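Attaching a single structure in structure tokens format; questions to follow.
Every chain is named by a letter (A, B, C and D) in the order it is written, and numbering of its residues begins at 1.
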């Protein structure tokens, strides 16, 4: 679960990490009030609250000099999608005087499976870009979770990166607090980018990213509260109903079971000349409801010309898949798109019988099925 | 702090380790009652509660068939010293039917400074004896305190020692409970010897030893309660007043500062033909009170013919030592034994001045002083 | 021969009375696996269709000389179940559970560094040595006895590729589903040395995924230390970067773990990479000629 | 040269405003030690006789480029103080405090295994490189600059033996009081390699004690790896077995750590053992001839 910037900043603030003065706004009225209270009549920054990176370059961060301008920009931002993601709210913040920008983040190292601390003397750009373009400006420390992050290791990184000695204490302090949040909130990623040194020498989290492990949400009922502020998001809604869905934008609508199989099918559709419309994995639980939800979602995508149901069952039983598919199909009164079905694995013969009884041809060979689905879009 | 058997057994019982039915008795009346309630009129075992090992061989464990016999033995045991240690109380227990005897203990390994588990298939004798006489009957596991004792390591020891498989579960269970007590009570040693397999197949702690780290007693106010049952013990009393004292039994009474120096002085007295009367280290805090306590204690020992005060000061300042010694000496109205004084180190000249002013000759050379003290007892 | 499990495997099923546990215990037994005990806290002394139930793994292990365990336990209790099996000294632990918190898995990973137990999974279909033992939820008709070792990060592709190999006459020594989570008990880099040392394995198939650095490290290991033929397949050529596709392990981050970096690593190690699942068997047939 | 501390040592005094801390801070400064800061929680910004006080070790280290710390802190807070100094990356930490719980010392020992800090003590008189730096409570008139390294488990004998050597013209490179506790930050076996590698140390004196296995292990290490002359002295020939004499470290247990076993180990390693403190200097003079 990714938190919005303003939600992450609330948690940062609760843990004594400085953030700019700001107010999150959902209405024009709130925006007007915020201009007065946050900006004290001076310039303010308006930031789209959206769950995707790189919003600055996409025009999601703007500044306003007057109330009228602030309200206009608010309306504009709320109406925009950023990289396809809807804007939930707009965070209005005071304009910070920036002397220097840094990057600090903690995530899980993919090689040692221990927390890894990343610090950079160049904030404000994506850490991937820093790593690629100026690796010497990025310091890393993989830590023993038993002992947390020793201060002297943080100091070593600060020294190696040539960051001003005057920042050693406050930066060490911020890192220790971030690690505490990382552990307490079961985070997979916590990041401040940029962490700015203000003109009066304080360190302020100008942005805030906090991703929580979905598997650990049951330990954090306090985060459930935050969900009510999430804007309607098709992916999140579907995920909660057992359908793992990502829109990609092609003409062959996929419904598969298993992440690997879904990706392999997408690759195969591509390779055989089609364009997959989506990643859609229903393996979390196959029943008439989830199948109908998947069918409705996929069949309503723009530009879709065929539907491909592809599963190889182990835990998933093919007779249940067939029954669910038929029930969903019938409940929807049929769909006007051609559906190609490929089932293999546990109880496949029973699945074939059910499909046949209901008038569906069924493949067992994956390649024949993908070929058929791609042929249908030509 | 060593606990009495009955105190350790209370803690064992609270932690679900089986111990024999028993009652601790301080009076003849209690002994009579215990014979009835514990033994139900049958044979009972009477065990001297004393803070020294090997009490069985010294006659400290007896059995009684009748109330009269039990009361007689009680009186006899209470009047005896075991290896010079006074008997605090008598524990009366039911007689256990013993099928097999084992040893289980946990202490701190002197090489790796981690807890070490010891299990032996031969209980009932001192673990040192087992280690010497049948090392193959003693299994050891040095554990990583981060993870405690994995069950499979306990099982490995049980297997290697050839202990009956039927005991694997209950023995593993006892070990885990002992380790829990070891940690929770800041123990330096926890031991069951023997741990007996009763005729009905249960494991019972027939004896119990639990030594608590004196430095950690401040964390265990509940153990303060137990101290009130300690019989008057000169060593313990003196230790609390800052005088670390052990009676050894010779003719030269030592008062020194520092454990190493005290032992070296004892060795030197021995080597030069005297016999040290005691280990007496006042370095915990030198003042007129502790000095007087040490002087009174040492000068009243049987067979004492001279007193040797020997200190080399770092933290201990020699002017303070001199002042304290003189104050104590004068407060006692002088002592009829010759005192040899050797001081060296911090503020020694001021110390010499004080001693001289009060009519005491003072050595700075250790060997001359020891020679003098030994000459005085010839 | 085979790796980790075979006909000497004596299996405990943790959570045998649950919905998934009971279904798959029956299936595993039908498929020839020697299930010696079930474990369900508080149900010690009961019986599941002739399989004795114990309250703890330790009791089950002692009573039945079990050496392996498979877990069908809800995510909230799964890491405790794994730690219990490690504590009891179970040699091979398979955890099917999807949804274990990643911070708990990091803790388990720390513990595994100091213990001899193998943890396969979590969030995987299990593993099978065909015709000897199945510790998992896969349909056995996809597999048969033979000399190809398979390790995969994707449950669904395990079947797809295994079945293709089987139909081409290439049976398997052991098939291991490593699981789809970001932090797993066992990675390719851990399992490859076992296959390399197993005389019954003549060729090894690795089915990877985007995300993580396991494929890159393993390719380097194989280049340096291994002599058997290896074949790889990797789904995700069409995945947009920085987009989560089902598995937490498939997050592409910090410029590592991309489709391209993994393909490059395999190629540099001289490991052929199949373009489609079907090509795996074509390459394998060619290499084993 | 010397080991661990010298004129480049920049010392923090933890607990500088306490009774012992203030007394010994003054003494150490008089004795030429470069004390750069004091640390007292809650007293940051204050001053102790011209020495700036900070609230934390980290602040003091950063502000004053400190590389060593000495602790005069009550037993209840001493292990937290040690961990704070380790966290700050202090290279040499001396803990004078007597009375730290042994379970806390076991935890610190685990931490030290993963860190580069040296902990000397606890329950020791500290250490001195004569005429360069004193991190301790010893009277300096017992010592002078020279080429004998001394490591001891007994504070009181450190003076006795150091003074005898000094008077015999044998000054010291560094004198290290290891401390009397059962679990210490540094043992003979840790310190001997430093002396062995220090060109300024020509001979090493070890003052041992009964209890523990350090002398036995160190004797074996010296036999196998060292070439300088070593001299040992061991108090306790007259101690009754299984009797605690002051130090927890002097408990004789499990047939290990007796006077006899240590003497035997030294002799087998060809290390001469002095019978009395005074003999140490006689043997040293002979060996350095």
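The definition used in the following text is that contacts are C-beta pairs under 8 Å (C-beta built on N, C-alpha and C of every residue); 3 or more make two chains touch, one makes a residue touch a chain.
Owing to the predicted nature of the structure, the values given are computational and were not obtained by experimental measurement.
Student: Give the chain pair, either A-C or A-D, that is connected by more C-beta contacts.
Tutor: By number of C-beta pairs in contact, A-C is the larger.
Student: On a C-alpha centroid basis, what's the spacing between chain A and chain D, in Å?
Tutor: Computed value for the inter-centroid distance: 55 Å.
Student: Averaged over CA atoms, how far is the centre of chain A from the centre of chain B? Could you give it in whole Å?
Tutor: About 64 Å, centre to centre.
Student: Could you give the separation in Å between the centres of chain C and chain D, each centre being the mean of its C-alpha atoms?
Tutor: 53
Student: Give, as an integer number of Å, the spacing between the C-alpha centres of chain C and chain A.
Tutor: The mean C-alpha positions of chain A and chain C differ by 28 Å.
Student: If a residue has to touch 2 or more other chains to count, which residues of chain D qualify?
Tutor: none
Student: Which positions in chain A are in touch with at least two other chains?
Tutor: 146, in rising order.
Student: Chain contact topology under the given definition, line, ring, star, complete or other?
Tutor: ring
Student: Tell me, which pairs of chains are in touch?
Tutor: The set of touching chain pairs is A-C, A-D, B-C, B-D.
Student: Taking the complex as given, what residues does chain A use to touch chain D?
Tutor: 144, 147, 150-153, 155-156, 165, 168-169, 172
Student: Can you list the residues on chain A that touch chain C in the complex?
Tutor: Interface residues on the chain A side: 53, 107-108, 110-111, 113-115, 127-128, 131-132, 145-146, 183, 186, 188, 213-216, 218-219, 244, 246, 248, 256-264, 266-271, 276, 279, 281, 283-284, 311-315, 344-346, 366-367.
Student: Spell out the residues on chain C that touch chain A in their complex, using ranges where they run on.
Tutor: Interface residues on the chain C side: 20, 75-76, 98-107, 109-110, 125, 136-139, 141-142, 152-160, 163, 180, 182-183, 207, 209-214, 217, 235-240, 242-248, 250, 253-257, 275-278.
Student: Using the touch definition up top, name the residues of chain C that touch chain B in the complex.
Tutor: 58-59, 62, 86-89, 111, 114-115
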